[in-house]
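The structure's right below; bear with me while I get my questions together.
First chain written, first letter: the chains are A, B, C and D, and each begins at residue 1.
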Amino acid sequence: MALQKEQGDKFGTIGLVGRQGKPLVADSLRRVARLILAKGRGLVVERASAASLKGIEGISVCGREELGSLCDLLIVVGGDGSLLGVARDLASSGLPVLGVNRGGLGFLSAISPEHIDSQVGGVLDGACYAEDHFLLDMRMRRAGKQLAATPAMNDVVLHSGTMSRMLEFALYVNDELVYEQRSDGIIVASPTGSTAYALSAGGPIMHPNLDAIVVVPMFPHTLTSRPLVIRGDSEIKLVVKEATTTTPQVSCDSQIDLDLCVGDELIISKYQYPLKLVYPVQHSFYESCRSKLDWASRLGNSSRSL
Amino acid sequence: MALQKEQGDKFGTIGLVGRQGKPLVADSLRRVARLILAKGRGLVVERASAASLKGIEGISVCGREELGSLCDLLIVVGGDGSLLGVARDLASSGLPVLGVNRGGLGFLSAISPEHIDSQVGGVLDGACYAEDHFLLDMRMRRAGKQLAATPAMNDVVLHSGTMSRMLEFALYVNDELVYEQRSDGIIVASPTGSTAYALSAGGPIMHPNLDAIVVVPMFPHTLTSRPLVIRGDSEIKLVVKEATTTTPQVSCDSQIDLDLCVGDELIISKYQYPLKLVYPVQHSFYESCRSKLDWASRLGNSSRSL
Amino acid sequence: MALQKEQGDKFGTIGLVGRQGKPLVADSLRRVARLILAKGRGLVVERASAASLKGIEGISVCGREELGSLCDLLIVVGGDGSLLGVARDLASSGLPVLGVNRGGLGFLSAISPEHIDSQVGGVLDGACYAEDHFLLDMRMRRAGKQLAATPAMNDVVLHSGTMSRMLEFALYVNDELVYEQRSDGIIVASPTGSTAYALSAGGPIMHPNLDAIVVVPMFPHTLTSRPLVIRGDSEIKLVVKEATTTTPQVSCDSQIDLDLCVGDELIISKYQYPLKLVYPVQHSFYESCRSKLDWASRLGNSSRSL
Amino acid sequence: MALQKEQGDKFGTIGLVGRQGKPLVADSLRRVARLILAKGRGLVVERASAASLKGIEGISVCGREELGSLCDLLIVVGGDGSLLGVARDLASSGLPVLGVNRGGLGFLSAISPEHIDSQVGGVLDGACYAEDHFLLDMRMRRAGKQLAATPAMNDVVLHSGTMSRMLEFALYVNDELVYEQRSDGIIVASPTGSTAYALSAGGPIMHPNLDAIVVVPMFPHTLTSRPLVIRGDSEIKLVVKEATTTTPQVSCDSQIDLDLCVGDELIISKYQYPLKLVYPVQHSFYESCRSKLDWASRLGNSSRSL
């Protein structure tokens, strides 16, 4: 799974994408751009991010869909949200992606702004490895016809549309009924997504290299529902049932939303193309958990803690 | 993974084991024994269970360790507890095992007493399939020397020995530190064990065919700990740390207990031999969950439930 | 808190309310109406429910707002949802209310349809007691002006409007900051509501006679949030903060919804008038929990359960 | 509940208690002692702590049981564990107690070592308030006879003695059966204890001024058990049942342990005397929660967190 040391040399042309309209993102974009140019690499910027780099010479501009064919590595400056969008759009191109964090905690965006020079520089010089993160593939069917399909990096969420209104659905795995449930909804998450929304809902943390999918109920009308972890090659089917009282929705990575009707089916399985996420050599998933989930802090008021 | 239809014929000699001293178990043992004999199969009974079958002719008696070489199928009458013991003792023999439930809910013992005639009969006639359930292999090391080793079907639990007294330990996965923790203990469970003790402690349900291990903290002194699911081929290391105030213990399947000292290490990985668990064709894991975990029952007092 | 035995005699005039358009509700309404008339009591039916009682003689009809002054006891046939609406509308009248369940599980509607004759009959004869259930009072303020106010029997829920989109708010108790939080929302529940939506979200069960309010976060963006139980005489303030990305809403008993803006404040405290809920003498809260929350069912697959 | 400003003057004689054998505790003890003497107040030290104050003049020494009658305020240097012991021993004397933290997080010990001069000084000058924290009263009965009785500040825990072995018990509140349960045990906690062991076990946080008791099951053999909050004036009875397979124990504040037999009863109710806990004026319960439970930290990897 590791990219070889020499691969740094292969990163001849670097693509750059950054979220618009955030001064801190623009700062980091400029810093990364200068670093790439100083190292004599080619630099291609997504059109939507080009304004942030005005005045820097030697930059080509292209559309997002061209990045896959033009670049050897894509650097995304922003938060995990920016990276999720890139993942859905570009995973199929096989382009390796490196995240520079300018948003929230940044589980996926491995490099924090103060380490741009050392760590982005290190990655360009080959001090990095790549990890395949699988995406989910969501297809929506109505009356036997597929109406929509989209990948999702973190999660596919079927929910009632209006919070605290009832959704009833049936869950099948590999065409076997798991349960019918009334709840606010259900989260289907990849290992990558297990540290995002699914975690807030009580799901377990799954190591990124685990080949598994987790299904987490949202406020179920029964006390016996629990998160369910199944093989990564499973096919999940969700069917909206009659008792549903609202316009339910499906939400992919909390970024793409579609309205549903009673009878609609969602088919969720592993997406054909993984995202090749690049990390600096010093990156560690468990270290991320310790620092970002604050695993070190302890409770007091207990004779046990003395 | 399915045994073929014809395999029923291969079940020429059937082994029989049942928990001692329980009249209901003895009843079911006798019923199963008569069924086996009526079908003209050979019948070998573990010595410790033979007293329950007094007066039935045509039965051979042997020690538990001989069952693997003498039989084609082992039937265990009791609860999941009996089956856990058989699994640890006989998994290495490759002997397929069928459970007849006479204990609690019986997630593993697929056949309930009222279905002995139809379902055990069916299995003997080949209406069955087998599923490999992997066990955990626990090795205990002190000062670099291995002091003990045992398989565990459900779980390996490191705990403080005295409830609500503090245990401090470090958790490593593949020699990488995950965290140091103060808690009452930690549960390392196989998919099979995910519906047992680990579930009471807030762990997810894992499908039996998932190649994964779950690690569940027990009353951790931090609010940020969550169950962690890792690949089945991981090597887990637990090290007892200095702050521990009691004599900690390791417990395998809640049946085997060993005392530990500060500095002791537990190495936990997948056991070399899976247990080949036999189910009647109509068995379904999700159906077991629905009936045994009572997934159908619903909450009231809510406008949502009308 | 108990109504005296003789109080049955005081139930001279009985009001009757039932959810429209449900044949099973109409059946039970007719049964209850005949029972009241057979016992020689006066019977007043809410106008909206009168159609279900066509052909039965001796019934007066009135609007919901008149029931309080015309009746000594109100019987609500439906589910807990019907009872929640009645509670909000009529708690201030002090009218005692008895629920006959025709909906879901019915934590509040103490009498199930098959026990109408014996138990409703018993209540009319005085075999009953009354329990005060306090309601919450929700007032919504924008720029210092109160825009809306409503009681809520179960809960007041501030949520992001669109599921899995971010809401940021501050929580104050008695004008002291508790925390600022990013989450899908927050549930403020009475003891009555603690067995409804708040329970699905991980809140504790509170005995109906406890003078306390519980605050339960919904999918918080932190792992350290926990349900918080405070005194019943507390004043809770929720303020919608700038980072909110949607049109948040407040929902009372999942029946009344209002849109909010950044800066809006919700003030929640105990409502001036409790609902006087009537129960047959044999009713017990813990027995309801045992049967309706299924406290008796047990997990299997554990040597512990043998 | 607030002590008046002038009360500082009433703190004429100060008692001092500190955990033995910890150099950091001894340091803080000496610092507090010098501060008291510098302010011209009388100083009485518990005999067991006197060695730490060798060489400081003007100190009287007494036994713990005399502190109540000799002092106007007791200062406890250590962790919450030290304070729990003092609370059980001295609550009945009505002596106000101030905690200086030298242990873990210190929910009860309000003053951290670096603030001794300003905050302990402030308290001595009257910049303080007192809050009554109620204790639990645990009585153990066998065959109708009371065998033991002790107060507990945080919690009374009935558990199986050997972790992951089965305990079966019945829970009654005010002589009404709540449930029979199989589990590792059950925690009965005061509001003070709700941020200690009960919190690790999934219980809610209760404000210290709430008049309530929480009952939290430990790894129950059913998925439907939830924490239960009842009135502070409730009488709780726990009865050890036949199916118990070990020597169960009751543990008070994790400091006092008693062995139990099948049939033994524990009666738990509010203790007659509250502990009068003294806080510097700037102390706030919610601020403690924010800093000690780390309520501010946030999850990443989510488009919601951008």
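Descriptive notes on the structure:
Rule of thumb we're sticking to: a contact is a pair of C-beta atoms (placed from the backbone, for glycine too) under 8 Å apart; a residue touches a chain by one contact, two chains touch by 3 or more.
Since this is a predicted model, take the numbers as computed values, not measurements.
Considering every other chain in turn, the ones in contact with both subunit A and subunit D prove to be B, C. A straight line joining the Cα centres of subunit A and subunit B is 36 Å long. Here the CA centre of subunit B is 44 Å from the CA centre of subunit C.
Mean C-alpha position of subunit A lies 40 Å from that of subunit C.
Contact with two or more other chains is made by residues 164-165, 197, 199-200, 221, 223-224, 226, 254, 293-294, 297-299, 302, 304-305 of subunit C. The touch graph of the protein chains shown is complete.
The touching residues of subunit A, counted against subunit D in their complex, run 19, 78-82, 84, 103-108, 154, 192-193, 195-197, 199-200, 223-224, 226, 253-255, 292-294, 297-306. Every residue of subunit B that touches subunit D in the complex is listed here, in rising order: 157, 159-165, 183-185, 197, 199-202, 218-221, 223-224, 249, 251, 254, 257, 293-294, 297.
By the touch rule above, subunit B contacts subunit A in their complex via residues 164-166, 173, 176-182, 194, 199, 203-207, 209-212, 214, 221-231, 245, 284, 286, 289-290, 293-299, 302, 304-305.
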